[in-house]
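Have a look at the structure that comes next, please.
So that you can tell them apart, the chains are marked A, B and C in the order they are listed, and the count of residues begins at 1 in each.
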Amino acid sequence: MRAVDVREVSFTYDDGTEALAGIHFRVEEGEFVAVLGSNGSGKTTLIQLLVGLLKTNAGRIEIGGREIGSLEAEELYQRVGLVFQNPNDQLFAATVEEDCAFGPRNLNLPEAEVQKRVTESLAAVAALPLRGRAIHHLSFGEQKRVSLAGVLAMRPAVLILDEPTAGLDPAGEAQMMQLLKKLNREEKMTVILATHSVDMLPLFANRIYVLDRGRVLQEGPSEEIFRHQEMIVRAKLRLPYVSRLMYEMKRHDGVPIDGLPLTIGEARAQLLELIPKEMILPGIEESGS
Amino acid sequence: MIDQRMPIRTILATAVLLCALPSPAFAMHIAEGILPLPWALLWYAVAFPFVAWGLRDLRRRSREAPWFKPLVGLVGAALFLISCMPIPVPTAGTCSHPSGAGIAAILIGPWLTAVVASIALTLQALFLAHGGLTTLGANIVSMGVAGAWVGWGVFAAARRFGLPWFAAAFLAGLFSDWATYATTSLELAAALHGEGSFTTMFSLILLAFVPTQLPLGILEGFLCAGALKFIRSRRPELLRAVPEGGTS
Amino acid sequence: MFDLFSDIFTYRDNALTRIDPRVKLLIALAALVAVVSAERPILPFGFFVLCLGTVAALGVPAKLVALRLAAPFSTVAVLVVIHTFVTGTTPLFTLTLGGWTLTAKAEGFRQGLFLGNRVLGALSIVLLLGIATPAHRIFQALRGFRISKEWVEVAILMYRYIFVLLDRVGDLAAAQRLRLGYRAPRRGLASFSALAGATIVHSFEQARRTHDAMRLRGYRGTMPFGPFPALKRRERGILLLGLAGILAAYAILEWGVAG
């Protein structure tokens, strides 16, 4: 079944800014989909429509097969959860525990179930030891993970994240992406990620939507998306650094540019193919892997 | 045993002497423990209906608009910070703090100002040793009731007389600041004059406030007007968010 | 001033922080009532020594304690001066000030000191309470005492977002300073007002985003609170012991019973 089905949706803000112009956007259950776009591309508007913070001007949005307007608020919020870009927007209670318990308590769950969910969601983001801490004593990376836990405690079928890695250091970024991958692969959670950072995506996302000025420029698996250097530049984005490096090398050497590598492993394989056999020193093959 | 008609010059001289003390001699709020039990309870009783009515208002309005409590909480946090910003008082040679009651009353109305003031004062008493739990009632009355209503009233009256809003906001900030301090002086004098004269004590404490509070009030007037000017130029629609504020 | 707003001590684990906040709040209130109704100096002074000693034993730096006590100390000084020159009859010494003669009086001096003593006693009780109890535990206790839900909810939001806004405002103030916004008094006042205005604008915007986030997790206008477990026997014991101790001290030191 389709987790999310957006058909022909447009949205114009009160001040006349057209944020989305008739876009189509589909996510199957269990998929990991990235919405890639520069600032002002409409990706934030799209996710706000998906969680019901905004209402469409035209078009139809279905969540889990039901039209979004026909869902009760309580039902909707258990189907989709949104993790905000800035954790401060979302962490409004005084302590980690109270913040995670906020959602389940709003659902009027019995206290034992509330506590169970708090424990599970904190464990899922590797933040159990933070349970009794005050929010304002957490580091930024910890705040990001705790705000994710607060949304997980609602047990949404679809998890939407706005720039989950923005502002994190490289280690924090890797940790966050691994957490999301685990949620997607092991807990079978549908994940939608809005971002403009491209380097990590090929490792995680099944499919990518590229948004530009309210329109879908392209949609498909990452190999397909990052094959189109011009389209990526037009969307005010860039290729992952590995692909970019390979692109420049191939262009410089006059080698036909088809199928850019997206990961370091792929890049290495391509390089080994390009370099004449007799120039490869014996031993590189073994030691490099 | 008490000289009932304290010569005016003794009062003045004592006031002069007070200026030599590390100023501002009085923090804005009455410190913990100064008021004896009966007075502490009395001011609690005076403050209670104002805060209770404000809470009733809050409950009613958040039923219609669920965003209302987060808004009051956030504006309250902003006002707390503003009241902690140090402004240099030239006459005292040190920094003092604005009360923020005037701008609060203009933004969210006097009833909600009492609620926000009661919370801010509790937090300050518990974690900053400003004011106190026993003197909480008295401090709510001077800041969240007297300061708020005077600020709100002056703003509304000045607008009705056709004054431009900048002038109205200036007067609101000025008089709400002075009203706060006058009320604080009154509360202190009432509780502390002992067997001496209330008037003497009151005028003494008031005089002790004068060198810092007279200019501070003027500064707070400018602060109030300047802050409103900033909001009006950037986000005028915000001023209409809370209809009971004086700006709608 | 926000160096003082350091609540890290309240998150330490010790015998005092482990006690139920309701118990601590009730004992502190009883102690405060005892201090402000005391008519002899010994009881407030006793609380001062006891509480400040405990604060020191908990390892709170003396500098922090001194900073927190600085403003109230100046209040005490003013009270002593006013009372010395205004109250009483027995001359202590005279002071000539620009042709005016002021007479310091013994009764006034004593009364001023008494008042100051009371301030210190009461203040040290609250200081200890604030150092042994984090804000969110106090909010819980207040809910337990059936203090208005609305009040506690707004208090929680205020407390949380004071720190968030402070970060933002701190950056703004630094930016203004870098652009020499505080060089002249007039510019200073303009910069200051802009800072206050910007803080309020930020607070409105943050309120909208925070409410969005709350709504997405099921908020409908009232923050849910956890249950309030009944006091354990041990905590009831501590409460009774504390209250009885205060009552006994009051009886002995104020009324002179059993003496």
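What we mean here is this: a contact is a pair of C-beta atoms (placed from the backbone, for glycine too) under 8 Å apart; a residue touches a chain by one contact, two chains touch by 3 or more.
Treat the numbers as computed from the prediction; the structure is a model and nothing was measured.
Relative to the centroid of every protein C-alpha atom shown, the closest chain centre, again from C-alpha atoms, is found for C. In terms of the distance between Cα centroids, chain C is separated most widely from A. Centroids built from CA atoms put chain C at 45 Å from chain A. Per-chain Cα centroids separate chain B from chain C by 18 Å. The mean-CA centres of chain A and chain B are about 48 angstrom from one another, to the nearest whole unit. Each of the following residues of chain B touches two or more other chains: 70.
Shared contact sites, meaning residues of chain A that touch two or more other chains, fall at 92. The set of chain C residues touching two or more other chains comprises 7, 135, 156-157, 159-161, 164, 206, 210, 214-215, 219-220, 223. Interface residues of chain C, counted against chain B in their complex, comprise 1-2, 4-5, 7, 28-29, 32-33, 35-37, 44, 68-69, 71-72, 74-79, 81-83, 85-89, 95, 97-98, 100, 102, 107, 111, 115, 118-123, 126-127, 129-130, 135, 138, 148, 150-151, 153-162, 164-166, 169, 185, 188-190, 192-204, 206-208, 210-211, 214-215, 219-223. Chain C meets chain A in the complex at residues 7-8, 11, 134-136, 139, 156-157, 159-161, 163-164, 206, 209-210, 212-220, 223-227. For chain A in complex with chain C, the touching residues are 51, 53, 73-74, 77, 81-82, 84, 86, 88-95, 98, 101-103, 105-107, 111, 114, 132-137, 150-151, 154.
Every residue of chain B that touches chain C in the complex is listed here, in rising order: 1-3, 6, 9-14, 16-18, 21-23, 25-27, 31-37, 40, 51, 55, 58-59, 62-63, 66-82, 84-88, 90, 103, 107, 115-116, 118-120, 122-123, 125-130, 132-134, 192, 194-196, 200-201, 204-205, 208, 219, 222-223, 225-231, 234-235, 238, 241.
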